[in-house]
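Two complexes, one shared chain (chain A), two partners (chain B, chain C).
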Partner chain A sequence: MLNDFLILMKQELGVTLLIFILLFIKLAKKEWKNETVLGLVNILLFVNLAAGFFFIHKGTLFGDMFRTSELLSFEKNILNLGTLIISLQSYSWLKQHKHVPEFYMLMLSTLLGMFFMISSSNLLMFYLGLELSSIPLAAMANFDLDKKRSSEAAMKFIMSSAFSSGLLLFGISMLYGATGTLSFSEISWQLTTLSSLQVFAFILLIAGFGFKISAVPFHLWTADVYEGSPVAVTSYLSVISKGAILFVLVSVLYNVFQPLDSAWYKMLFLVSVLTMIIGNLFALRQQNMKRFLAFSSISQVGFILIGITGESIQGSASVIYFVMIYVFSNLAAFGVISLVSAATGRENVDDYKGFYKTNPVLSWALTIGLFSLAGIPPTAGFFGKFFLLLAGAGKGNYWLITIAALNMVVSLYYYLRIVKAIFMEANDTPIENVKISFAPKIAMLICVGGIIITGFASGAYKYIYSLF
Partner chain B sequence: MTASQIIFYILSAFILGTAILSVTTRKIFRAAIWLLFSLIGVAGLYFWLEVEFIAAVQIVVYVGGIVVLIIFSIFLTEQSGKEMAKAPLVRTIASVLAVLFGFAFTYLLIHNYGFRAGDKKFDWSVSKIGSQMMGTGEGGYSLPFEVVSILLLAAMIGCIVIAIKNQPGSPAVSQENDQTKNSKSDENA
Partner chain C sequence: MPLAGFVILGLFGRKYFKNFSGIIGTGLLLVSAALALYTAYQYFFVNGKVDGAYPSVTAVKYTWLSFSEKVSIDMGIILDPISAMMLVVVTFVSLMVHIFSLGYMKGEERFATYYAFLGLFTFSMLGLVISANLFQTYIFWELVGVSSYLLIGYYYDKPSAVAASKKAFIVTRFADLGFLIGILILAFYGETLDFNTLIQRLTEHQSSQSIAITTASFAGVTALTWGLVLVFIGGAGKSAMFPLHIWLPDAMEGPTPVSALIHAATMVVAGVYLVARLFPLFTLTQAALGIVTFVGLISAFLAAIIACTQTDIKRVLAYSTMSQIGYMMFALGVSGYNGEAGLGYTASLFHLFTHAFFKSLLFLGAGAVIHLIHSNEMKDMGGLRKYMPITHITFLVACLAIAGIPPFAGFFSKEEILLAAFNSNKIVYGIALFTSGLTAFYMFRLYFSIFWRAAGPSPLERGWGEVFHGEGTFSMKLPLVILGACTIVAGLIPFGEYVSANSKPLASHVDPVFSIAPVALALAGILLAMWMYKKESSRPQQVSAALGGLYKTAYRKFYIDEIYLFVTKKIIFNLIGRPAAWIDRNIVDGLMNGIAAVTAGISSLIKGIQSGKVQSYALYFFGGIIALAIIFLYLWK
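Showing the complex of A and B:
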């Protein structure tokens, strides 16, 4: 029992251990220097990531409250990697911050929540994991402690997440009333005899999910929260937190709500079309880089939802593959913005005019990231979107694919607008040369390397496909 | 109509009435007190359902704990005695319409489809709840229990970080440097 416990839950236990190490560092008599804490945490995060690749087993614990498998471990490894990259990228911001251990404690508790959420096979554990992964995030959004906008972002985030949790809980309680159980396997077994109460509960659940992944029409909180939060938190919100919820959404839809698939197919169709179009239209006219990436990430969610409408295995494999690539490409873009913002405090698109003249390396990193987000071959983003659309086309739904293709053209325009500003436009006061310290450099290398390698090596998708 | 049904409607009317008063009153302290009554009504509903333990928990946690906490935090703010500004007419109309729509929608759904609950029997004796709360095996809830404790820890840390920010004398690593930096970036934002 103890062996099972230690091996199956090793990723969760590792993160918990990290939280407690940080707690004791904070409580120590002697105050630690920020540099020391950051160095130690980054090494520990790396060890934590590396440990995730060993001793992978399949099994359940605590009477079916917790399950794990190769696929779930892989998903957790992606999240671990993303967290490490964000931690490395925010090095220069955190170095000047007063509350470094607290920042990591909060970030790791949200990561722990995501792990439990991914591993849940019970609605109660799912809900608790979701709360654990969103409440500390609100505190993290407030981490630019002297800025009013940051507090505003935190307030908006906690309000909207409380509201969406309310919807979700209402749905869960109705589902419990209709089926009499919280366990995923029993629910899916009960759903074979369909009743209208179950469908209604399911609609509420989907609305709750929609809030969390900020799909249109549940997206209104996204831009303000992304703009107000510190860049590290914004990238964490848009990549890690969203990715984790997408992982759960895919597995819940295909495994638990499979009997309702004709209902959720229509819902996802509508939501994904709306999300793509509205995300794109708003992204066109943004001036702030973070806001711009917020809307671009909304439209990316629209593409992901297309993948989910496809056949089960193909759909989930393509979504997981896309999220992995999305981690690399979005973090490459956010990494550059984070460095520039920490060094100069400038975040507008116009500030990036003539960026290439002063910062050629960062310009290339940002450009590769944006190309990958836009889905231009040979970057990995192209293959990510390709597999998503392929999965969506598996059901013969060519209208959806056509709309998606048109939207990709629109998105190409606004991504290239930034690239044009960087390389071609002149600026009287360009951003001065930003010094890149060691940690962000590694993060940048991982991101750009990830984009290019996953673009050229086809093994990754096959590997994910083989995990099912 | 049986006596049980009559009691149910009385309880529901009590809960809804006090809840409406709680959101419409313009003194924030009174809102908290009306909320207290509404929560007691919910406890009454649990008694009506014959789940005495849940009813007791409802009274201890919500009525005894949370409302007292809310009242304390109202006292800590400076605005506790003042009347809040009157809501604009448009907002009142919009919220009334939203409530009516929600009510009509729910009624329509229930009327047309007749939601049927599952027919599973539950065992809610206190001893069962106790052994499930600490159980690690089938039907045990010890893992969620632990996850909730981590959540509380994280929430506490988050609150402390946010609350501590306005204290000028707090030991900072490089406060001076920090503030100049932030004020500079604020101007740019």
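Showing the complex of A and C:
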């Protein structure tokens, strides 16, 4: 029993251990230097990531509350990797910060919450994981302590989040009323007929998910929170947090709500179309790079939803594959922005004119990231999008595919706008050369390498596909 | 053949190391052109036919990824008659352009970048040509798009060039969407992306895939037709077919050698190539073929008319390209699959082949002229034959070829196209014939305006003085001469022997009697152009000659000219040419601009929702739930 517990929950335990280590560092009499803490944490995060690849077992714990499998472990590894990249990227920002251990404690708590959420096989467990992953996020959003915008972002986040959680709980209670159980496997047994109560409960659940992945019309908090938060938190919110929810969404829809598939298929169709279109339209107008990436990531979510509508193994495999690529591409872009923002405080698209002249290396990293987000071959993003569309096409819904393809063109336009600014436009006051320290350099390498390698080598997708 | 495949791969490896300067780039391309020729030689003459048909060989195949149990994505190299032919055309024209650019682009600041872009473009084009499956084709297709974007926007400090490259990119992207969706449909039903397998599965009558794709339908049209039409839209975008052609004239902002490469011989014919590649599938559905015919014909005709009204020499050539590609398209459209009926297919690819030579020759000639005059406008030119004899002769050869005068290359291919049209549909034939007359007219209008007309100011008067550099360097003249020679002999190749729809040799049938009408019409066009543009130019001299007593005759002639000008310019051009140009400018362009404006408008509208107030966010959130509930509980069950 204890052995099972140790092995099956090792990823969660690893994160918990990290949190405790940080707690002791904070409580230690002697104040630790920031550099030391950061170095140690990054090494530990790496060890934690590496450990995730060994001793992978399948099983359930706590009376079917917690389950894990190779696939779930892989999903958690993706999240671990993303967290490590973000941690490396925010090195220069955190170095000057007074509360480094707290930041990591909060971040790791949310990560722990996500792990529990991914592994949950009971609505109660799921809800606990969800809350654990969102409440500390509000505190993280507030981490630019001297900036008013940052506190505003935190307030908005916690209030919207509370609101959505309330409705989600309402949905869960309805579902309990309809089926008399909270366990995933039993719910799917009970859901046989499409009663109004069940559909409505399901809508509330979708709204709760939609809030987290900022799908339209539940996305409105996104812009303010993303803009006000520190770059590290914004990238965490838009990559890791979204990725985790998407993993859960796929498995919940495919496994638990399978009987309701005709209903959720239509719902996803609608939400996906709205999300793509509105995300794109907002992204078109943005002048602030952070806001721009935030909105463009909304429209990316719309794409992911298309893959989910495919309702097949290819569907879920391509979603997981895409999220992995999305981690690389989005973090490559966010990484550059965060470096520039930390060094010069400039975040506008216009500031990036002539960026190539002063920062050729960063320019290429940013360009590769943007190309991948835009889905230009042969970057990984292209394959990711292509597979999503292919999976979505499996249902034969060509309207959805057409709308998606149109949106791809629009998004291409705005991603290329930035590439054009970087390479082709002149600027009297370009961003001065930004020195890249060791940690962000590694993060950049991982991201760019990931984009290129997953683009050319096919092993990743095959591996994911084989996990089902 | 695997050996040949290996050789080509070696060539790619080489090309990946960016060609850092002109000489290296040209040298590398020389090697690749030689390899391409060798490959084609191996393919056609050494390996030869199997069962009387040229086999389609997949030289290299590597399963890159299996997406699901059925669909896998491979990377491969395909060699069949058309890809062997395209290999030769692409490398050869690209080589000529590389050599020409050595002189033309001399002294440019970003000389090395230019060659790197050229190398990238050539690489992607070759990749496109030898792709063994739809997915790989799409990747290279996009790469071709990106590299042509870079080349068109090469003069990036010129706003018009940047706008043009953007336009080209956006328009072709829209078309690529169609292509992508088409691929998805074909891949979904055919359960493969590989060309050969796909064609084999779908043409087989009783195969499950073929039944699935012909029975599934959407909006009353079978999935097969949808897929093919969408793929064709992609091809039409790249090949500048009506109504997606609007980017082509603007793309003339790029350096002229680039136009010769991209807009004459390679990228714009990618659409034709794609249709030819999937031709066995197109023959399965009359509707798709009908659309190909119709679009090709309209493009050919419309572009020919517009070309008559343009004064910028590159734009005339651009419209002429569009018109010729229209020819290739409808030739495919009227073609059948087997034997005699497959004439259109052969003719189309034959025309593609010959067109590559003479059109790149025309563009390079125009480049030489622009290099000398520093202007694209016809009115700045005239009487140049004395200053650039080689350009003059080669340009004349190309004009004769495109007009379809025997024995130049264009004659043979055009005759075949017309014959194919004649056999299939008399109306198509009539329009095509008329267009061919127009072609002769506008090409010779161009020719006479540049090289004849007024003697023009002498070099000194033009202020060239010391900097007068004659025709340009040796490197600029050489390609002109080589291409000129090719233009003369290319038509004599028994093309049907090598390339035909079912890969079995098809004897060319050019009946001398049949050729009378087109050639006569072409001659009429030439004479008309000569009469209008050669004589008009002699006006100044005749006015002076009038002082010597011939005043009256000269006056009368002048008068007739005026009438003629009135009829053509005021009536024909205004009634047909202008509206055509107007539709082009306002409706088609306007539509594109309109989409952008509407998008921006909606975007600013919904910005109001983003108020920053958490209360209202919660309200919208709740509203979203209610809306979803209403929709899914009551409306859309």
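Miscellaneous remarks
Methods note: the second predicted complex is superposed on the first by the 466 of 468 C-alpha atoms of A that agree within 3 Å, B and C clash if a C-alpha of one lies under 4 Å from a C-alpha of the other, contacts with A are read in each partner's own complex, and residues count from 1 in each chain.
FYI, a residue touches a chain if its C-beta (ideal position, glycine included) is under 8 Å from a C-beta of that chain, and two chains touch if they have at least 3 such contacts.
Keep in mind that what you see is a predicted model, and the values were worked out from it rather than measured.
Touch criterion met: A:F200 reaches chain B and chain C at once. Once the two complexes are laid over each other on the shared chain, residue contacts for A:L220 go to chain C alone; chain B is not touched. Touch criterion met: A:Y398 reaches chain C, while chain B stays clear of it. When both complexes are overlaid on chain A, the residue A:S297 reaches neither chain B nor chain C.
Taken together, the two structures place residues 196, 200 of chain A in contact with chain B in one case and with chain C in the other.
Residues 109, 113-120, 122, 135-144, 147-148, 150-151, 153-155, 157-162, 165, 170-175, 177-179, 181-186, 188-189 of chain B are the ones touching chain A in the complex.
Those residues of chain C whose C-beta lies close enough to touch chain A in the complex are 64-68, 71, 73, 135, 138-139, 142-143, 146, 153, 156, 162, 169-170, 173-174, 177, 180-181, 184-185, 187-188, 216, 218, 226, 599-600, 602-604, 606-607, 609-610, 612, 614, 616-618, 620-625, 627-629, 631-633, 636. By the touch criterion stated above, chain A contacts chain B in their complex at residues 16, 19, 31, 33-34, 61-66, 96-99, 102, 105-106, 109-110, 112-113, 116, 124-125, 128-129, 131-132, 135-136, 138-140, 142-147, 149, 151, 154, 177-181, 190, 195-197, 200, 341, 344-347. On chain A, the positions that touch chain C within their shared complex are 155-156, 159-160, 163-164, 167, 196, 199-200, 203-204, 206-207, 210-211, 216-218, 220-221, 223-224, 263, 266-267, 270, 278, 281-282, 284-285, 312-314, 376-378, 382, 386-387, 389-390, 393-394, 396, 398, 401-402, 405-406, 408-410, 412-413, 416, 424, 458, 461-462, 465.
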